[in-house]
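Across the two complexes that follow, subunit A remains constant while its partner is subunit B and subsequently subunit C.
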Partner chain A sequence: MSINHTSVPGAGGARDPNNMRAALGKNAMGLAVWATLLLMVLFGWLRYDNFLGAYNIFSFFQYNAIFAAISLGMCFVIVTGGIDLSVGGAAALASVLAAMASPYGVMPGIIVGVGAGMCVGVLNAYCVVQMRIAPFIATLATALASTGTALLISNNQSVGVSYETLFIEFGQGDWFGMPIPAVLVGVLFVGGWLVLSRLPLGRRILAVGGGEDASRLMGVRTDRIIFGVYIFSGVMAGLAGAILAAQFGAGQPTEGTGWELFAIAAVVVGGTLLTGGEGSVVATLGGVLLLGLLFNMLNFENGKGWISLSAYWQSVIRGGFLLVFIVVQAKIAQGREAAKHL
Partner chain B sequence: MSMIEMTGICKAYGGVPALSDVRLSLEPGRAMALIGQNGAGKSTLIRILTGATGRDSGQVVMDGQDVDFASPYEALESGISTIYQEINLIPQRTVAENIFLGREPTRLGMIAYKTMNARAAQALAEFGVDIDVSRPLGDFNAATRQMVAIARAVQLESKVVIFDESSSSLDRREVEFLFSAMRKLKAKGVAIIFVSHKLDKLYAVCDDVTIMRDGRTVGEHVLSELSKKQLVEIMLGKTFDAFTRSARTEAPRETAARLRAKDMQTNSGLASVNLHVAAGEILGLAGLLGSGRTETAHALFGADKLTHGSIEIQQKPVAFDRPADAIVAGIGLCSEDRKVDGIVPDMSVAENLTLALLPSLTHWGIVDTKRRDEIADVFIEKLNIKVASRTQKISQLSGGNQQKVLLARWLAMNLSILIVDEPTRGIDVGAKAEILSVIKDLAAEGLGVLLISSEMEEVVAVADRVTVLWDGQTIADLSGPQITEDNILSTIASGDAILDHAEGAA
Partner chain C sequence: MTDLSSQKFPQFGDLRQALAQYTVGIAFLALVLLNLLITPNFASMNTISVNLTQVCTIVIVAVGMTFVIASGGIDLSVGSTMAIAGALAPLIFTGAFLGITDPFFGVVVAIVLPLVVGGCLGLFNGFLITHYNIQPIVATLVLFVTGRGIAQVLTNGSLQVFNRPDFQFIALARLWGIPVQVFIMLAVVFLGAFLLRKTLFGRYLLASGGNAAAAKMVGINVRWVRLVAYAICGVLSALAGLIVVARNGASDANLVGLGIELDAIAAAAIGGTLLTGGRATILGTFLGACVIQLVRYTLLANGVPDSAALVFKAVIIILAVRIQRKHVN
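== the complex of A and B ==
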């Protein structure tokens, strides 16, 4: 054959042993997340009473639906090689506005919250695409602006939601025993997975992250794609804000600080590269569950009364865990590279 | 009727005209060679045709209709696809995904991966490429990626396909596949634009030629009516005899080897390389791709460790642990990939030129800019580097002038030996001759030069002696009248026999 001098000797079919090893390495990245999750659940079940009790499971999914929502949006932005630091601020603003709209009904509350997030997303998209401002800077600015707006509107107070309407049901109720926010976000994850892994649109999103110029020259309308992912991220932040207000019975202008870092961490733990071009919705879900579970277990550990970990210590432990996990993951990735060059 | 008719195209960048009153006309089923020196405006013209850049004025008519593509997407939708010189694909995505990006076959709205992979494999098979299309593109080498880009263009069923230097990373066999693909496209009535610096290749496949010079169209001909020489004359606007071997008037002043390598072996593939370079001498290093030319350069420069053998400078053995040691000993290496290893695109010409010299230009951490500029000016004049000023960004220079800046960077270091690896790659014909004459001048001033080039005619034109490598070993040392293309080629062709004979004797 004329062209067989690839960097991989014997770039043959799937049965090629090198090929299999590389494929295994790739799966190992995602596998590490799920294996760790499984071990943690096992550990928690053995160590803590009621860890797998109905109440803990319900509240775990109820609470983490908020973070799952912003992480899904963040995943799409990061896959295109961008970053969205405004999700926390957008969610805080959305929660305040959703609470204010809640007297008009459930849907108005949700729509206003999501709309608020979308406005922040549009602003981000405009700055990044039209004004050519670096995503880091643009979204940092809108993060500050939206947090400020939330504080202004609410006068630095939490804004109670209306109990006349069923708005809090949206945050606290259940469908067939599962928390409503978790069901909703679960459906969105399935949709997100479909788009990124199965639809032509997903190939374009990944292509933009892999090489923006190359994609444009291949006829991908890169500006639209980038515009789209920032709006999507804003919408998800808005949804998270609406859920927050409904779950806690109040719009929370001071919440949302550091959420963007949680979302970035969840996406990265899932194996998505910050440089863009690679990434997976499923792995992002794994990342969210992993970080959420860690938090949950630290609470149980405190409950046992052996030691009392302050919030500060919890932060240190979470950070340390994240670091160890990412280092291990990087080692696996290097092993994968090595397998490729055998 | 013409497929594409471009007339009166003008484009200026920041007041500097890149194109003025350019015309280009394409016929269906014919291939048009678009040639011109670097900076003649070919790339700009293509970017305008493909919607990647807007035009200031002029008209583009496609199939009798005025068109003005605002983006590559629109041009692609209208049936114009381009295979760029810098291969524009997505390394993280699979081969099949790259071929079908934007046109994925779907079932119920979802990508039909099986169909897509099968069709991708089939499209590549037409070009004799048999690879696993479900692997990331980044796993494959440049030639394969190039073929993937071509398969993509064919798959799009375009009316116009533009090949921008598409053959530069292909070997001879692959070029044949490329040409047969181009002929198939022509038979289907597709109009082709083929941009290449390799004139021989144009004659093999093109029907017409459009020649550009200084942002203007200076010739539109049927290719078979022009000789290669006429073509080059129109392109350069002057008569030209770059590649005739001129006898060196003076023999090297010094005959003792300044640099000598004995039986060099490395893990990078050198098995037994012997060579020596005297002051004022140009030693050509000839051999096939993979014979160990670049590896020899790296070994001499301390970038690869020797596992056996020795290097001597002026009869004294030396050992280089790293390139910095080699530089201190007076050896410089101008590497083959300018863009990756050489230039810092956003820095000025003067800064690039004095980059390696920086430590000696710095006093208490502050750069002596006055001396830096003096040195830059000296070399800009000496090497005839064409710049608007020494503060111009190097990325705005043509390939030939960038290469001269890199040469100057080493010369400013007061070296005794300079290794130049593929100094004329990607540089147009006129500038090539100039680079070669600069190298000759430097040798005349006493520099020992080791010249690596895959263009045999270059080696023949300037080298005083030629060392021929085969499979990581020195198999011949030619000098004087022995240096002819024929001789070198037949030495390489009999490489196996020479080695067998040597082993038999030993």
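== the complex of A and C ==
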């Protein structure tokens, strides 16, 4: 790996005049995401009919709830300096198992899905913490294992959910006009923000990412924290899988490829450094919405008929955005390094 | 830091280390023995030929990956680079791109240009990593996402079927009954091993991966060394992409090289290359790729479904990295 320029997790650091520029840079990334988002919404509202119509907003949030869920889990893993490449495979496995459990009711379906994700998370945590295997290789392996298991269980076919129970409702229904998955994930994001930014636990999670050895010496139980974030990421992937099954009416063993990269991209666009030690749940949400909105606007733009871009352009445009954001981020990080040595 | 230990035969009493060092070789031999016992018709020319052709692309990409890993990095974009190279070649020799009508010249360009593009993509990765100090996983993620999209846009996502023996010779032609792609693979392995073991660049590469700060202090241009490592990986990925489409007689941008980054990383890890950089072995990577291929073949030939083979592969990767950690460090 390259040399990590991890900065000290910044309790009170912003008040140090030398770190003023650093603090500005840190907030600037989060602000930049939300400002870009706002501009895009404004642009879309002016340019397209029905862009802010109830239908588009509903389906936008319904569709992106899945990605928001895995990105929240990913955010926590990444701030500890790790990475979880197994979320896609875990979600596929969870969707198959949730679909199989759906005849027993809504809650069993959700619980089995989340439980499946949690098992993958525990496996990841065990490999990373106990066996000391590099996170990206451990989670790549569990991604393979969970995809393989999902295909084995489902016999390489999608598994239909039960329409006898209200399981479908969990994915397609609404609460006060908002899709249920989006409300649920929204609540989890508020919880995630509270934990990471407002509770002592969040300080410890950030400290582990800033420097594992140092925080262990400070008395933080680093192994427990790392164990916890991988399980949390697994749980979120499991939830995403359950939502997927409920939304599409079937467990999808082949779904989920590339989800981990979407989640990483969302977290990175949100300004969270992959070296760990800092990060923001709010900015991650911004990253998810921004990447989702790009796709949404591409659809509208095609509808206008001026351009006709195939769906393949989606990944090119997303990749381009990712490139711009990480380069800007790197520039800010370099500026921060310079500011530190003043 | 460097692989001094692998240069001399281990001490007589040092059995555990010897075992760790030759794990991949032992595993390979054990798999061959197992197959001789349980798999029908294993010891036939046909089986050997099938396995050798299938392992080619993994080996070629894995050699490039070994260089990148040795320099302390990782390259997730190898599959996308393969897809771009595989999409470009048919576009060039059919004249759809660049409008070359002369068949001979067309085929030459169709082989050379994708390799150059692959090298440039590798340089792009290396530039992001060395110039902006971006972590390799994130930097190569950009091309991983964008690259396959570019290949799909180039071909409009559709399958390009072709029948051009003059281009397909790189995969299909046979010398003494052995496919040319096997010779290409062996040449890549030999050159890779030579570059890593016998040249100054190889020494610099291992030093940069083992301890970048120290390497800088002794005057090694770490940035340049890393840049070259990514460029090599890009060229080799493009070569693998060309071989895949030539072998299939068709180019499918959605599928060429999909998931190969994991096979390549796994081959290097199983072979004994340290994933944190600084210690690498090309021969180990070659054997690692053969182990992956043989495991897959053993399972498939004995009626185990492909999905279960994925689970097996996961277990092997974890075990390999685990054994490496336990004995080498």
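Just so we're on the same page, the second predicted complex is superposed on the first by the 300 of 342 C-alpha atoms of A that agree within 3 Å, B and C clash if a C-alpha of one lies under 4 Å from a C-alpha of the other, contacts with A are read in each partner's own complex, and residues count from 1 in each chain.
The rule we apply is simple: contacts are C-beta pairs under 8 Å (C-beta built on N, C-alpha and C of every residue); 3 or more make two chains touch, one makes a residue touch a chain.
Here the structure is a predicted model, which is why all the values come from computation and not from measurement.
**Q** Which of the two partners, first being subunit B and second being subunit C, lies in contact with A:278: first, second, both, or neither?
**A** In the superposition, A:278 contacts subunit B only.
**Q** Looking at the overlay, what does A:331 touch: subunit B (first), subunit C (second), both, or neither?
**A** After superposing on A, A:331 lies in contact with subunit C but is clear of subunit B.
**Q** A:304 contacts which: subunit B (first), subunit C (second), both, neither?
**A** It touches nothing on subunit B or subunit C.
**Q** Regarding the shared-chain residue A:206, is it in contact with subunit B (first), subunit C (second), both, or neither?
**A** In the superposed model, A:206 contacts subunit B only, not subunit C.
**Q** When the two structures are overlaid on chain A, which partner does A:47 contact: first (subunit B), second (subunit C), both, or neither?
**A** neither
**Q** Which holds for A:215: it touches subunit B only (first), subunit C only (second), both, or neither?
**A** Only subunit B is touched by A:215; subunit C is not.
**Q** Going by the touch definition up top, name the partner, subunit B or subunit C, that contacts more of subunit A.
**A** C
**Q** Of the residues on subunit A, which ones does subunit B touch that subunit C also touches?
**A** 1-3, 5
**Q** Looking at the complex, which residues from subunit A come into contact with subunit B?
**A** 1-8, 11-14, 16, 19, 194, 198-200, 203-204, 206-207, 209-211, 213-221, 277-278, 340
**Q** Could you list, by residue number, the parts of subunit A that touch subunit C in their complex?
**A** 1-3, 5, 83, 127, 131-134, 136-138, 140-142, 144-145, 147-152, 156, 261, 264-265, 268, 274-275, 310, 312-316, 318-320, 322-323, 326-327, 330-331, 333-334
**Q** Please give the residue numbers of subunit C that touch subunit A in the complex, ascending.
**A** Contact set of subunit C toward subunit A: 72-74, 128-129, 132-139, 141-150, 152-153, 156-157, 212-213, 262, 265, 269, 275-277, 305-311, 313-315, 317-318, 321-322, 325.
**Q** Where on subunit B is subunit A touching in the complex?
**A** These residues of subunit B touch subunit A: 50, 52, 71-73, 76-77, 82, 84, 88-93, 97, 101-102, 104, 106, 109-111, 128-132, 134-135, 139-141, 143-144, 147, 152, 171, 173-174, 177.
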